[in-house]
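In what follows, subunit A forms one complex with subunit B and a second complex with subunit C.
Our next item is the complex of A and B:
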């Protein structure tokens, strides 16, 4: 053991910073979260073990049920929105028919560069009920003013739009790199066989992008379940559009219910684990991994 | 057939133009409003007309928040965070790419697997750890935990794998020290990768919000992002929108400028090779 370490001391030395940091700042905190979730704690006084009561409390907490529903909605809406938009933009950027590609690539990546918090403030102004531009446009199209951020019915929509707006460029880039890897010969052969653009898209592009789209879906899932900034800045009335992670933050650092917040953290981990296991199983069944 | 091609082409440009507007409009609109006087109307379409351009909103920012101090904090964490993470990620990526050692593949798989765990979930114990080691209200709390990241190591390894083994071997035969091989041979070769990873990291760190919100607990220690997020309530409860949007302009415009510069100087652009296999 010692001999191996000595012989390979350089590579081990080069990689050890990551493992030490992972241990201290990721593994220990994650396990610790699991431990605290079985206790009642305000962060200062002695821990009080309460068994599963934090988890039982969750089921009765309407804020938790709301947050869970909101986050699930953010997840589904963001995944659908981001995948559709990034497929559309990437396919156009890949098409031979479009010129000025460098310009379009540069501009369509811009939203990803902008800070979500700052963009959140801008969206707050754009979606303002009485002075916002969005309502003004709706009015001039003959619609009615919509209380985007003051009613619990509408306040999730700006959050979703902002999230999709900011994440799409990154996934466009990934999809585009996938498109560049598809050999043009497939399309040439298909054209010779008389397949139109739609047929080519569904029988070549989509199957060939399978793995890339799967990767995108997994990452969008993680991004959406830990959504915080967008719904924090674009907060609606009370806790109506709060995300699960936001509820964790407020429970821990505003009301100092560390045990309850940790239990929320555990639920979040379990949901993410469950989703990735299900996703991998589905893929395996289809024989694609 | 011919007219159909022209029609699809036209439709494509139309959709693309629409997308460009959606991408650019919110940012341009923000810049315009930030130069309007507080008295001017900013409702609806009025927002787009600037009668007397003014810098007063930016001056007001200095009174509302410790702007210079916040800016310094942001720059400090961004620059130092980027440099350290580049160094340590490249170092680990180099080890995974160019050395054979026991359990290498298992360790690398482990690094990849850790990408699935989000560190945010452990934020409560992390806060307690930071308090124990006295790093609450210290900018180092934002730098140290992310000195080496899984994504960064993965990215660097992919890139360093393409450096020919012969170059590394030749340097070793010439008597170059193992660290010297990394520092004097590999680092210069991977400059393009370092540059694009650096700009992505700079943008991510500059835009970072959750961790500074958690670890920095007084206004003089805030990063610019945290201060700006609190602008709507920092002047009583109703900071004028013009002032808030001046703050967001100060946050967003630098990252856009940096991105455009990178786009101009690099042949392949900022995002080249960011997603390789």
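Our next item is the complex of A and C:
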């Protein structure tokens, strides 16, 4: 051990700053979260050990069930939406027929650089029941007003749209970089063999983007389980469109139940670990990694 | 003779020196250079204007002191920031004071984060209206200096009532208020709503906790701290009344303090607001088409109970951030704000000009000044200030505040929000909030 450290002292020294930061700001807080998940604590008064009661509370808490169900829905809808939209937009940006590519690339990236809370407030106005633009359009087309943000039947839709809209540009860039790495010779050969654009997409583009799309799926998964701003700003009735992260925040900083919030954090970590492990196992089974 | 004269002169000099000495010592008390940081919800920039002026007038004791009013979105957000700073040991980042309501005071005081103001306040208590510090008093100790005591009022658009031939005086009772809403709906072909209902937490806050609940003598907890909201007659009276207004289609559904609400109000679609006196500043700042048509009166009473709305008190609390070197200065600023009538009036006139926020005074001497009865063009040359003062007569008692109320509010509000969304009846909402409170809190401590 000491020998190895001596031998590779310079490489270890170079990666040291990252690991110090990781230790101080990620590992220690994570362990501490695990510890206080077994306690009742409001951050100010004496910490009181309560065993597993914070975890037991989750089973009785309908807000936790709502938040878990909503977050799972956001994950699936966002993953599908973001991957489809970014594939579509990246292919359009990659197309030889498209002019003014720089302009379109810049425009495509704009939603990602906008502050999510500010965009949430704009979406809130757009989806307002009585005076929002979306309902005005629906009315002009002969439809009825939809209570987008005031009914638990509809209130997840604006959240999903905003989240997909915000994340798509980033993943479009990643997919576009993948497309640029595919050699044009494959397409030339396919054209000579008489393959149409549809066949080329499914036989060349999609398989060649496999690892890129897998990376996107893993990161979209993490982003979606961490969703907070969108559902916080576009809050519906009660906990009907609340995310797990939002419940964690509310428990910690509105009602000051740090122990319960920590237990929620631990559950969130376990869910993300489980999903990631399953994803990697599937890819490994496919022989892709 | 000469010796006698010298003795008298010496004695006179000594006595004069003795008399001057304490004053000189007091004058010598200056506060260190720096910034006094105060957390405040609402629109603290207007309050800052007063305190900036006060500091300029008192440069002898605070030559290089600045004041920073930090806006916090909610009082819970203010508590959160203080708690986090305290937890992190970042005492320098903690504010020197916070404007807080009773819920915040219970929380912060029990954690030892507020300075005990009992001795200081009791020396001034006779200057203030009765019970001004009641909501900041826990087991005999005063944890906040009273800043405002604002009543629940009924704001109404007089032009709408005139147009449909309805006498606003009928709204002195809840029954009359409901009847006025029914008539407005009928006579306007459902164009005019009695009031509004908000799909978010504001419905519980303004219709419930600060409005109908204390007026109906409703309780969340009994004397032992057990949950009783599900069986309490007062809670049933309050929430059933809201249910009647809502199910009869008398409430316009929109978010509070948002452009669509102001637009609908200016279009004459919303006739009244049953809400705290603070709503005055929002009306003045956001309504133009209906300016001059608004009036304010005391909140309607439930005939079963007979009281006219619980006042909302706000307190200036000095934060225990280690060595709060500005505690004395904050007390002086607070004292002058409530006793320097001329400066206060000048500031209020400035607020009226710029559409800023201000509240009625709470000291007896200031309240006796006719200035606080003056009329305003926005209220059709009637006096809002007088209405605010009158609103404090016959007050309802505020609901008991416990350390669990921040969490209880979240639980109750979630059920009310689902009710407003049409996903459950009010009966179901009451039953659910009772069950959830019992599940998640159980029993609380009554201070």
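Quick notes on this one:
Basically, the second predicted complex is superposed on the first by the 274 of 289 C-alpha atoms of A that agree within 3 Å, B and C clash if a C-alpha of one lies under 4 Å from a C-alpha of the other, contacts with A are read in each partner's own complex, and residues count from 1 in each chain.
Everything below uses one rule, namely that a contact is a pair of C-beta atoms (placed from the backbone, for glycine too) under 8 Å apart; a residue touches a chain by one contact, two chains touch by 3 or more.
Computed from a prediction, not measured in an experiment: that's the story for all the values here.
Superimposing the complexes on subunit A yields a three-chain arrangement in which subunit B and subunit C clash.
Looking at the shared chain after the overlay, A:61 reaches subunit C, while subunit B stays out of its contact range. The wider contact with subunit A, measured as residues touched, comes from B rather than the other of subunit B and subunit C. Look at A:25: by the touch rule set out above, it reaches subunit B but stays clear of subunit C.
By the document's definition of touching, of the two partners only subunit C reaches A:45; subunit B does not. In the superposition on chain A, A:253 contacts both subunit B and subunit C. By the touch criterion defined above, A:131 reaches both subunit B and subunit C.
Within the superposed three-chain model, A:15 lies in touch with subunit B and out of touch with subunit C [touch as defined at top]. Once the two complexes are laid over each other on the shared chain, residue contacts for A:152 go to subunit C alone; subunit B is not touched.
Clashing C-alpha atoms between subunit B and subunit C turn up only in stretch 128-136, chosen from 110-118, 128-136, 164-172 or 182-190, once the structures are aligned on chain A.
Comparing which residues of subunit A touch subunit B with which touch subunit C, the overlap comprises 43, 125, 130-131, 253. By the touch rule above, subunit B contacts subunit A in their complex via residues 5, 8-9, 12-13, 15-16, 19-20, 22-24, 26-27, 29-30, 33, 42-45, 47, 88, 91-92, 94-96, 99, 101-102, 104, 107, 111, 114, 116-129, 144-150, 153, 178-179, 182, 203, 206-207, 209-210, 214, 225, 228-229, 231-232, 241, 244-245, 247-248, 251-252, 255-256, 259-260, 263, 269-271, 274-276. Subunit C contributes residues 76, 79-80, 83-84, 86-87, 107, 110-113, 199-200, 253-255, 258-260, 263-264, 406-407, 410, 413-415, 417-418, 420-423, 436, 439-440 to its touches with subunit A in the complex.
If you check the complex, the residues on subunit A that touch subunit B are 4, 8, 10-12, 14-15, 17-19, 21-22, 24-26, 28-30, 32-33, 36, 43, 88-89, 92, 95, 97-98, 102, 104-111, 113-126, 130-133, 135-136, 165, 169, 173-174, 177, 197, 222, 226, 228-229, 232-233, 245, 248-249, 252-253, 258, 261-262, 265, 268-269, 272, 276. Those residues of subunit A whose C-beta lies close enough to touch subunit C in the complex are 42-45, 57, 60-63, 125, 128-131, 147, 149-152, 235-240, 250, 253-257.
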